[in-house]
Amino acid sequence: MEILGTVIGITIKSLIFIVGMFLAAAYLTLVERKFAGHVQQRPGPLHVGYHGLLQPIADALKVLTKEDLVPDNADKFLFYLASLLAFVPSIMILAVVPFGEPFEIFGFTIYPYISDVNVGLLLALAFGSISLYGVIFAGWASNSKYPMIGGLRKAAVLIGYEVALGFAIAGPIMQAGTFSLKGIVEAQQGLWFIIPNILAFVVIIFAVLAETGRTPFDVQEAEAELVGGYVTEYSAMKFGLFPLAEWYIATFVLSAITVILFFGGWNPLPLLGWLPIPGMVWFFLKLFAVFMFFLWVHWTLPRYRVDQITELAWKVMLPLALANIFIVAIWIMIFG
Amino acid sequence: MAIKHNSGIILTTVEEVLSWGRRNSLWPASIGLACCAIEMMHTAASRFDTDRLGIIFRGSPRQSDVLIVAGTVVNKVAPMLKLIYDQMPDPKWVISMGGCSSVGGPFPTYSTLQGVDRIIPVDVYVPGCPPTPQALLWGIMQLQKKIKEKKEGKVWDEIPVREVPTASQPLLEKSPFGF
Amino acid sequence: MQFSQENSLWINQEKISKIKEKYPSVSIEKYDNATFLHIDKSSLIDFLTFLKENLGFKMFIDFTCVDYPFHNPRFQGVYFLYSPEDRQRVGVKTWATDNTLPSITSLWKGAKWAEREAWDMFGVKFEGHENLVRMFLWESYPYHPLRKDFPLEGIQDTYLPSKNLRPEENPAHNYTPYHTYVPTLEDLEETQKARMPNKSSQIVLNWGPLHPGTHGTIWFLFDMEGEYVKECDIILGQLHRGVEKIAESRTYTQFIPYTDRMDYISALCSQVAYVNAVEKLLNVEPPEKAKWIRTMLCELQRINSHLLWLGTYALDLGALTIFLYCFREREKIMDIIEGISGIRLNSSYIRIGGVAKDLPEGALDVIKHFVKDFPKKLQEYETILTTNRVWLKRNINVGTISEEDVYQYGLTGVVARSAGVPYDIRMIQPTDAYDKVDFDVPLGKVGDCYDRYLLRVEEMKQSIKIVAQCAEKLEKMKEDKYIATENPYVLPTLDEVFNSIEAMVKDFNLRIYGEQAPEGEIYLSGENPRGELGFYIISKGEGHPYRLRIRSGAFYNLQIFPELIKGRTVADAVALLGSLDPVVGETDR
Amino acid sequence: MVRVKYVERPDLTNTERIFFIDFIKGMKITIKNFFKKTITTAYPFEKLTPPKRFRGAHGHRVKNGKEPPSFKVLEKFMEINEGESRCVACYMCQQACPVPELFKIEAVQLPNGKKKVLRFDMNLMNCMYCGLCTEACPVDCIIHTDIYETATYHRAGGVAHLEDLSKRAEDFDRRRFNEPDRIWIDDEERSKLWGQIKWS
């Protein structure tokens, strides 16, 4: 009976998370378009529903009911698999992300995370690197020159930043002593991990920007050069999945991991501990702030060339991550 | 037209909801050929913002449903434009912006295509050389009206041709569901 | 033709005498604003090398052909050269016996495209040209359109009705279901093959004509090894509307709106350049106030054009917000131009002898407000871009142009000045009020994309200074005349036509028979934001020009692109193309 | 006086490179613009009134007593009664137009010797809106009105006939005939983009 209860509990919880993630992603498109609009002194979606609230629904309706083209003599199986491979891993990272500490509501203890795996961070990294295959398959299966170049470019960038990301998270793990994300958050009760490993924070910011294809590393959809990068040949919902997965769900989830690693998950802000706000709200406030920071960078900076990006990854980000490990080691020796 | 039942429930058909969705998120494949492309950019810029109406300018024809032909279509580009039109997924429309793409405009020459509707069917003609951004927005709204009133499978009896505007249209009042 | 003193820009007497004793068979044709040397085709090449080496005419300006159907060797080639040291131009004419001319690409690499265009438009063959193919039309096009015996609307033989109409329906009085031949994709394949006869490396990437990255419809063929470009060629003609052919059947006033549609981003500068050329031909002197209005609007249009360049250049390199900021400033200038002339973009506002309408009330206040507020906004864009490390990495040492390239390819405008060559038509041949206004001409040191970016931003600042000076000068000339209607060639204003019969008769004559220009030729150019826009007009005394050649700055600036892109990646192609700033309406004419 | 000067090339100092100051400066400007008011004219719900000189769709001024003196001279040969367009079928607009085939003008000699304009069609899709015809008309009949909303579903919709032209100009005159020839009407839409201008 016990197993049956947990199985039903987990399926319902994961259903809520996935549907919630879909809706969140849809409305994050609206957040981005409104933010981009107001940065450019224009209001963004305004007339579709009150201040554009119905805009994501209109976009979803149109994209779902569009004709689904597959270019001739393209690899049909890989063509369909690619969009799923890019989309599913970013949702799977949600399984390990803890949103708050467990709390009771009239007798039931609710755990606001799907599972607390003690190798949570490694799992998240593994899911992140699966989307690399989605990109390469999309580039290869579209059977045309532009997606091919776009796909290979994105693969080169991703490999470069996976390595830098891997070394950069070593800092917080050394301080927290455990891989489980819940453990890392609990270890940040006193002092946030941002203070000792500031270098790792910089590396993670650039890695997340590269992972999600945001502007300084926006090679895959370099409008001017490659029309649409590897999404050029995709039409209706298959196309819808790519920006949804990469720009919104991956950014949301990876900024959640950044908040957990560096800004102390659901711990309250250092001086405002006495406010009666529950942990979960703190977490979502910080998450929203980091997400808006990525948007802010996306709409301001120009774009690097591909070889400059990979050069930056190997020559600057990797040494910074290693130096950070050294600094954290000294910090632990001094402060224990 | 969604009928508001007295008990507050909105009754509407699936076709209307779909056409509402398509009307309010028209993604044009911007084929900027000549001077009209500059005016199209100005329509998409901050002052006459098309993002308000849910219009994002997509690069590739695969992801777009409106083909705004902005500028002179020259004979040499005609087959490529036909190719772009064929690549677009199905519910697709064409706005011919400016005199040059509508009827060849002020260029009755050996190398200009006298009207883009000789190679692809056109839904809305926007005269003007170049039409001001507000004229283009009015053209887009005419297309949205056409999407709204065109029933699937029925021949759309166009508005009688003689209705030529003599004065500027009155201001629309804001509807909560967009156009 | 009487020989007037102010003909200083053209070749002076001392050099002509040097030519005379070396080549006695040379005959000289001297006009008010043009001096031509006739030479026989056989000794053309060493005559041009003599001009290039000994007399310092290093810079290639333009080459075109003229069709005289009733003269025995039918076509005549016209070369324009320029010597940067002592600032002199010369025109060289030679008859193309049995339709062939020696190719001068050995002397100047800039002549490669000009000769292709001459072959495409006139059918004149060039021995020694590396790959003589059609410049604008597709390979299998059977005719040569700019010949006098070819009709303007082409051979309308294919039946191509409009798809929206039922067969018998006739929507308008000038609708015909018959149309000229429209090429198929196979014809275009053939054009592409002719351009790239030996495909050397892995893939030929079609950076297609309808591509958001190319500014308008330019078709690039890259021979690519991985991401690096080995070989590149550019196919133009996707916006060739035959404007030069139209000019031959329109009167001088009727052609003014067409000059807007060529370089549609700097419409007013093209109009001013064309109208100055026609005024020098008809020797009409516009009133003082019209000169100042023209200079002010020309400089406003230059800021407008550089803003669009900055917007699309930043968009190509990824900075999306700069694109919309620049368009917010462009809206302001377009509001001013709409208020003054009536239309935002292609304002056909300049007339022969002055301007179409007087400045409306409130125009100068708005311009003063813009002059005060614009430098702050420009400072904002500079802080975002100029010292941004991503911007520096994408722009430094990309596409460096040397001084020799400028002379070889005939590069003009910002592209030439970025290589340090002080070639600015506003300085060399000031028309309108440019000689009464003080401003600086910025020069670059290295000649790469970063220099061109800095130059264009600096030119915007200088243009604002000019506009400020013009605005306060115009403040004092409120009631002066804005058009010299007493001149026989200038159209009277509406009030004069309403009130006097002579003005109405003069208006009728000028409209029906056009301005009967005196026999003669002229070459005069204006400083467009995209380089020197030159008008070479041959008039035989009728109301419309016999031949009107448009020397487009963007056409020759674009020619160096295949040279600079060899060995670089596709991402650099975007930055390089953006910095050369081509406008397809002007390159394809 | 024209001077030639070399442009210096600013570069990134090391402190800026380490502390990302160039990114911060750029992002400061974007966030500053984020908090400014938007400059958008929400087209169907707010409209930007064009200036009086705006070159929009054409119109025919009607005979309403405010005609120029040249019309009184030419009126004797024409048979125009009150409220009809002043066109005297002199074909000057077709002559002045760079694209003459967009005009289709037919006039007929009535039995009493006077001339009457039967048909005056203009295919506005061929038109360049350059205004040369309005400067050529001796009786100030053809003018540019300020109407730009002329999108149609059909090629024939672009053709404007004699009655439409006169109705359009009549409406334009009623609205804006005695308006001063200003650069634009200083209404709230313009001040969104321009802010407050010091009019003299």
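We call the chains A, B, C and D, going by the order they appear; numbering starts again at 1 in every chain.
Everything that follows uses one rule, which is that a residue touches a chain if its C-beta (ideal position, glycine included) is under 8 Å from a C-beta of that chain, and two chains touch if they have at least 3 such contacts.
As the structure is a prediction and not an experimental result, all values here were calculated from the model.
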Pair of chains joined by more contacts [C-beta pairs], A-C or B-D: B-D
Intercentroid distance (Cα basis), chain D paired with chain B, Å: 22
Gap in Å, rounded to a whole number, between the CA centres of chain C and chain A: 49
For chain A paired with chain D, centre-to-centre distance based on mean C-alpha positions, whole Å: 51
Approximate Å spacing (C-alpha centroids) for the pair chain C, chain D: 27
Residues within chain A bordering two or more other chains: 37, 39-43, 46-47, 223, 227, 299-301
Interface hub residues of chain D, defined as touching at least two other chains: 23, 26, 30, 33, 38-40, 42, 44-45, 50, 98, 101, 123, 125-126, 128-129, 154-156, 158, 193
Overlap residues in chain C, where contacts from two or more other chains coincide: 162, 164, 172, 174-175, 212, 257-258, 261, 321, 324-325, 328, 331, 346, 384-385, 388
Arrangement of touching chains [line / ring / star / complete / other]: complete
Residues of chain B touching chain D in the complex: 46-49, 52, 99, 102-106, 108, 115, 117, 123-129, 131-135, 137-139, 141-142, 146, 158-159, 161, 164-169, 171-174
For the chain C and chain D complex, residues of the former touching the latter: 162, 164-165, 171-175, 250, 253-258, 261, 321, 325, 328, 331-332, 335-336, 338-343, 346, 348, 356-357, 360-366, 368-369, 373, 380, 383-389, 392, 422, 424, 426-427, 430, 434, 438-446, 450-451, 454-455, 458, 491, 493-494, 497-499, 501, 504, 507-508, 511-512
Of all residues in chain C, those that touch chain B in their complex: 136-138, 143, 145, 150-155, 160-164, 172, 174-176, 179-185, 187-188, 208-210, 212, 216-217, 237-242, 245-246, 257-258, 260-261, 264-265, 308, 323-324, 327-328, 330-331, 334, 344-346, 584-585, 588
Residue ranges of chain D in contact with chain B within the complex: 38-48, 50, 57, 98-99, 101, 123-129, 146-158, 160-161, 164, 167-168, 170-171, 175, 193
Of all residues in chain D, those that touch chain C in their complex: 1-7, 9-12, 16-17, 22-23, 25-26, 29-30, 33, 39, 50-51, 53-55, 68-70, 73, 92, 95-98, 101-102, 104, 121, 123, 125-126, 128-132, 135-136, 138, 140, 144, 154-156, 158-159, 180-184, 186, 190, 193-195, 197-200
